[in-house]
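The following pair of complexes shares a single chain, subunit A, combined with subunit B in the former and subunit C in the latter.
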Partner chain A sequence: MSDIGKVRVRLPSSIKPGDVVRVRSLVIHPMERIERDSKGRIIDKKYLYINRVVATYLGKTVAAFDTTQSVSENPTFVFSFRATDPGTLTITFHDTHGGKYEGTADVKFV
Partner chain B sequence: MASTRGLQTSSSSEPARRLVVLALILAGCATVADGPDYSALPRWTTHALPQARGDVRVLPDGRRQAVRYEGWTTQDFGGFRTYAYDDTRPEVPVSRATPPAGVSGDAKKGRALFLSRAKAPCTGCHLVPGADVWPAGSVGPDLSAIGDRRLPDTYLYQQIWDPRVTFPNTTMPPWGASGAFTAEEIVHLVAYLQTLKGPIPPEQDAERNPLTRRRPTGFGDNLDPTNNPAVVLAEDAEKLWNASGPNGRACANCHDGGAARAMHGVATRYPKFVAAYGRVMSIEDFLTVHGPERTGRPLLAESEDNVDLAMLIKMASNGMPVQVDVTSAEARAALARGKASFYRRIGERNHSCADCHTPERGANKFLGGRMLVDVTEGLTRHFPTWRTSQGAAWDMRRRFQWCMTPLGANMLAADAIEYAELELYLTSFDNGKPMSVPGIRH
Partner chain C sequence: MKDHPVSRRRALVTLGALGLGASGLMLPAPRPAHAQALGQHETVDEALKRIFGARPMKDGSGVVKLDLPLIAENGAVVPVSVDVTSPMTPANHVKTIYVVADKNRIPVVFRAALGPEAGQAAVGATIRLGETGDVRAIVEQSDGTLLAVKREVKVTVGGCGG
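Now for the complex of A and B:
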């Protein structure tokens, strides 16, 4: 998984000030699942998965998620926020091994 | 014998090549009734990953084990016919059979066999009552009330043992003749079928019944990088495109202006006959030989580099109509062979591609929970495609190999000529339709 942590963020192509916009984001991540031994017991180890997603815009947190292993690999997160001013939307994905992956999208008005 | 993958006629010397061309021209003139011409094909040495070559290894205890991808079965199906052109064995011979004496059928055992995923399962094609019957398919007839038809046991037995005795061109495999089910197991199956009598209980769950189940609707925009991870992975191939190989040269050195410009429209013409190699090649096949020749970098078939680069090259043609050559003499000869492969019955199950993928047979019906695609709609123009069930981008060849393994046939090397010509035949149905790579499918 050399591609782990690649992030893509996408906004609608035309946004007007004050619009509530839907943002789509995808992160390449294995999102390790719970493994069980031959007796069906959960193997205790530090599983690698994203457990926190934070989106910031104009210095404020506009969305935050605590996520678990029940989220698929290469997950997509979709949420809405109100675009008031030009600026950068930053989405940060944190995983259980301390990995921190960031993606940005510029909010521009046309 | 399964190890001799290449074809026996060979030689890359110039006079021989001229002969090849002459033979191809003659083949083009021959009448259709003569069938495809297999005589003029080069011997091909595979350039595929070890797990993608269709090798069979012999273990110290003498057992034979097929080498396939991680997580795939290692069962050797060497006893059954494959797609190799030099595999001249006949399909599983038609055989008549009567129920063995002294075995009484047990309907309970029969039902377990009918549902057993380790066996067929019969429910992949046939619907029977029961909430535990999931997912049932609709390729074969609904058997929910077959017991009401008062068919003799001997008839049902023969139908399962080898239905070709009654229906020579049936889609149903010869389960007994191929050895997939034993005589005793078939007696149990018959006993179970005879218990299926009406009235059929009302359906509790519309999803259980393949006739009322919702059709799959796809996975949304396949070119949206926040929807299809393969788009993100393919973007990486740009680095590969620009990176020098051991020879000190990169793809970008010869092909100016970036992959998107240099490769614009190129992929719409593949698979095609490449004179330099004397065979039909897809982009993926061509990369396995052309890449290392120019850059020194291996680009083995089914390697991540090969598939990523193929995606990058094909993406440069997205939106453009597929236009593979179907008219030149070489193309027509290859198409005739590819079409013959499409209708060739192979493997333990004695299936052909046509059984599942032509509209008059299985296409647009459910095989278990999966909707079978229709060859006439064109199946190839979104490959390599992201497989949500596999978490990886697969090219057409790996999809072929995946398709034929449960049919009980050993696979060929991913870059085999046989696969290239089969792919060309499939792609001929995509002609005129826009490319859209990478796709996203289950």
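Now for the complex of A and C:
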């Protein structure tokens, strides 16, 4: 649990200006699933899971996910964006307990 | 305690009964404030009706590519990816991609909002599947048309718990 919120972002190794780049991102998160009591009723509590993922590049949102508990533990998310200028790609994960985890990757051209 | 008019046992029994009654009454009532808006405990038909209403859905099998394993040995982690052939221009792009797992207790898995900046309408994630069933991808384009595709996935060990 201590690793909760660790984010990894992967970009292809060589990017040319104008390329459509596919990004893989991973976050360490328990993504709690629904629990039931002995009678099979759903326990009503504030489950801890990621419900929003936002990726921004050059100040613009390139992809935004709204997620539910049907997403796996330690989820990966894949999306793409058009790399026009060098800059930073930031991915922010928000969970239901107000946690905010951020990962960044530098977009540079070789 | 002895001369108290209500014994401890009596009080506990009454409280228990009240609790049961109250939770029974709660069921049809609106969900509590922290309940999730997107993923709710419902059947897939209810979910689709809630999100899309009566909007017509076209078959998107020519345009939308939904990639999933045929057999998922571990339902707790199933990779899914959705690729849509789209020019992704401001006038014609994919606005949102929904992934819905029919047999999950929370059928809506995620909703991805994209824009022309994405360059390509392709998203992926790792999801949970409770049991063997259809997984759908529903794509909303910028002109409002909905395209749907579905695929059956066999799940060896379910991963949804609860």
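Following the convention adopted for this analysis, the second predicted complex is superposed on the first by the 110 of 110 C-alpha atoms of A that agree within 3 Å, B and C clash if a C-alpha of one lies under 4 Å from a C-alpha of the other, contacts with A are read in each partner's own complex, and residues count from 1 in each chain.
Quick note on the criterion: contacts are C-beta pairs under 8 Å (C-beta built on N, C-alpha and C of every residue); 3 or more make two chains touch, one makes a residue touch a chain.
Here the structure is a predicted model, which means the values were calculated and not measured.
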Superposed partners subunit B and subunit C on subunit A - clash or fit: fit
Most subunit A residues touched (candidates subunit B, subunit C): C
Contacts of A:L48 with subunit B and subunit C, given as first, second, both or neither: neither
First (subunit B), second (subunit C), both or neither touched by A:T61: second
Subunit B versus subunit C as contact partner of A:S70, first or second or both or neither: second
First, second, both or neither for A:S80, with subunit B first and subunit C second: second
Partner chain in contact with A:I15 - subunit B first, subunit C second, else both or neither: neither
Partner chain(s) touched by A:K6 [first = subunit B, second = subunit C, both, neither]: first
Subunit C, subunit A and subunit B - angle at the middle CA centre, rounded to the nearest 10 degrees: 80
Touched partner set for A:I28, first subunit B, second subunit C, both or neither: first
CA minimum distance (subunit B, subunit C), superposed complexes, angstrom: 6
Subunit A positions touched by subunit B in one structure and by subunit C in the second: 73-74, 76
Of subunit A, residues touching subunit C in the complex: 20-22, 33-36, 41-42, 44, 46, 51, 57, 60-82, 96
Complex contact set, residues of subunit A against subunit B: 3, 6, 8-10, 24-26, 28, 73-74, 76
Complex contacts: residues of subunit C adjacent to subunit A: 23, 32, 34, 36, 38-39, 41, 76-79, 81, 101, 104-115, 117-120, 122-128, 159-162
Contact set on subunit B toward subunit A in their complex: 224-227, 229, 231-233, 236, 391
